[in-house]
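One chain, subunit A, appears in both complexes that follow, with subunit B as partner in the first and subunit C in the second.
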Partner chain A sequence: MNASSNTFPDAPRQRGRLLDARLHLLDRQMLDDRGVPVGIVDDLELSADAFGDIATGARSPRVTGLVSGHVVATRILGGQPPPSRLQTIPWRLVAAIGTVVRLRQTDMSFDALWVEHWLRDHVVARIPGGRHAAK
Partner chain B sequence: MKNVFAVALGILTAIGGFLDIGDLVTNAVVGSRFGLALAWVVPVGVLGICLFANMAGRVAAVSGRATFEIIRERLGPRAAAANLGASFFINLMTVTAEIGGVALALQLASDVGPRLWMPVAAFGVWIVIWRVRFSIMENVTGLLGLCLIVFAVAVFLLAPEWSGLTHQAVAPVIPETESAATYWYFAIALFGAAMTPYEVFFFSSGAVEERWTVKDLGTSRLNVLVGFPLGGILSVAIAACAAIVLLPAGIEVTSLSQVVTPVVAAGGKLALAFVIVGILAATFGAALETTLSSGYTLAQFLGWAWGKFRRPAEAARFHVVMMVTLLVGTAVLFTGIDPILVTEYSVVFSAIALPLTYLPILIVANDPGYMGEHVNGAGTNVLASAYLVIILAASLAAIPLMIVTGAGQ
Partner chain C sequence: MQLSELLGCTVRDTGSRAVGTVVDVRLSITGDLDDSPSAPTLFGLVVSPRTRSSYLGYERSEANRPMVLAAWLRWRHRGTFLAMWDDIGAVEPPVVRLRPGFHRYSAILRTD
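Let's look at the complex of A and B:
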């Protein structure tokens, strides 16, 4: 197909900031509203209409959430992680995207933190001084 | 007045913090074998670490991101994991060498064997990381490390023939007893001792720990640009001491007591006391920095909470990694391996791994998305590109030279 027979509609006009999913979202650190790291963006969740053929004039697919979990092994070696290891953080919780992804205040518990919490409760907090700031 | 004090403190800390077991051993070994014929490597290494630490510190202060967070963002999980594997392994070697160094320094002071001191040293490092605030930890070890100035004093007390010494340094000749391959092997070792990657992990993470902002950049630059070169002068002084006393006597450095022999010859017991305190502070400070670096690199790669500014319970995985690192380092020392040998290998491996961390930092320091208006200037980029070539050349040449020379034998 040469340029003159291109029947695709024009690309949508960009309003606001253009984000490159690979450069600006994947592998970014996510911080909760108190600035505590809650995980790294491992994948993106797209709206259902992103899969299969997209009808002309249909609404363009959208990013509906950030996916995070204990999946560093499959991301390095390839393969599909079990779905239980992934957690989707809905896009509405994203407060700001800069050098980190900041999330809004939420009651959601982040599954990826269970090792952190287990080690905190069973090891670190039991050693004298573990619960106090350094002097 | 408070500012002047802060700057002076920062500079003094940088001088004391520049030297670690790698610099002590490598400079003494080189001095005893090559005289000052390799002294030119130290300024090359010092300028490199100034440049690298300055860039990493600026990136951390402006973007709030430490080195390994950036490496993962830029290289993706796969390349970053390979990078982490290499960096973490070399850092573990350095932790082992530094704990060994603390134990050897305590042995010099007490005559009690190093095996009894190793667990004490590791426990001391852990308790300081667990309970002492970052700034106090940095300043105390840095200031006590200034005792190593006794090496520079010793050079004067030994009253060497100055013209011969400067001639060795200015017009380097490879001694007849040594081959060109060993000469270049030790050049890379010295370069690696000055430019150890952990210094950069530590520097950039430290900038986040101390919550640097753009306003602090001037102070940090001054600390680095004045403190590290003065630390480099101490490095040359260590080599000069060895060149004056050990080289003519044909003594090769294989232990820490030989490193301090020239100082004792020059200044007796008082000088020995200073040098022991200095070595103890320098190795203990570096043991703290490398242990923290092991936690920093892993936690930053995996997106965990990290930092001494958090309570240990708020960065549980970070603290557990550091405990395990200290245990592994001590266990390796208990196999009876010679800490001096571990040190000699760790500085060469540092040079080999250097491009892995240098390149991502150089790229991000030029990325306005992270740096805004604080991207590298043209002058910095010219110098940084020249260093990229030097670092790559040293990294590629190190393994062939290690094989050819039998690790400098």
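Let's look at the complex of A and C:
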């Protein structure tokens, strides 16, 4: 490791494992309990105590859910998508974190991919060979 | 409140001097990642004094291949540090204020 970026002491050890949100969670594919893609982790919902003045000794904010939705336009043009374009998936539905985020079985419907589904059914399906997987 | 509101925030010390930009948020998670991990808690903020973007994790892991890319990215992110949650005084996007006497910790993400 380059000495110029490693001159600081290590942070006190903490129980549990550390991971970086941008590196390990954001933009990961989410799969439902059958392994079907249901969206991308576009953001994380934090508990309300994450903002404003922080009292000394206050408990750390908690991640309460994964946020998925239509964020391409705002990533390119800036700003925030309206809440109606986002879907929050409660953290209790997270079954595993790895190269993908696996979710538990749930009755929740995932509508974040409706644009992709519409394109699949109305555009891709009309292309020769677009109705089956590549051989 | 969403985590993306923290990313890109300017980090200021108690003298209102800018010390960097939030390039990532470090989370602490207990339990098995493959078996219903517990909800992560916010451990700290990764603050870069020179850039606004994350660079593939090179600036904070011990990955060193390919060497040229790793060396360039680490040079670009030199001075990046971890500010623990206890040292955060206020979060008022687009600004995060640190407490007096805050500590700069190594931003290297250790997995051992």
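By our rule, the second predicted complex is superposed on the first by the 100 of 135 C-alpha atoms of A that agree within 3 Å, B and C clash if a C-alpha of one lies under 4 Å from a C-alpha of the other, contacts with A are read in each partner's own complex, and residues count from 1 in each chain.
Convention: a contact is a pair of C-beta atoms (placed from the backbone, for glycine too) under 8 Å apart; a residue touches a chain by one contact, two chains touch by 3 or more.
All values derive from a computational prediction rather than experimental measurement.
Touch criterion met: A:Val115 reaches subunit B, while subunit C stays clear of it. Judged by the touch definition given at the top, the superposed model places A:Asp27 against subunit B, while subunit C stays out of reach.
In the superposition on chain A, A:Ala133 makes contact with subunit B only, while subunit C stays out of contact range. In the superposed pair of complexes, A:Ala125 makes contact with subunit B only, with no contact to subunit C.
Once the two complexes are overlaid on the shared chain, A:Thr64 sits against subunit C while remaining clear of subunit B. In the superposition on chain A, A:Asp107 makes contact with neither subunit B nor subunit C.
Taking subunit A as the reference chain, the count of touched residues is higher for C when subunit B and subunit C are set side by side. Common to the subunit B and subunit C contact sets on subunit A are residues 23, 26. Residues 63-65, 69, 72-73, 76-78, 80-81, 130-134, 302-306, 308, 311-314, 316-317, 319-320, 369-370 of subunit B are the ones that touch subunit A when the two sit in their complex. Subunit C meets subunit A in the complex at residues 1-7, 23-31, 33-44, 46, 54, 57, 59-60, 62, 64, 71, 74-75, 77-82, 84-86, 88-93, 99, 103-111.
Against subunit B, the residues of subunit A that register as touching in their complex are 23-24, 26-30, 36-37, 39-40, 72, 75-76, 99-100, 115-117, 119-120, 123-125, 127, 129-135. Listed in rising order, the residues of subunit A touching subunit C in the complex are 1-2, 4-6, 8-12, 14-23, 25-26, 43-48, 50-54, 56-57, 59-64, 67, 80, 91-92, 94-98, 104.
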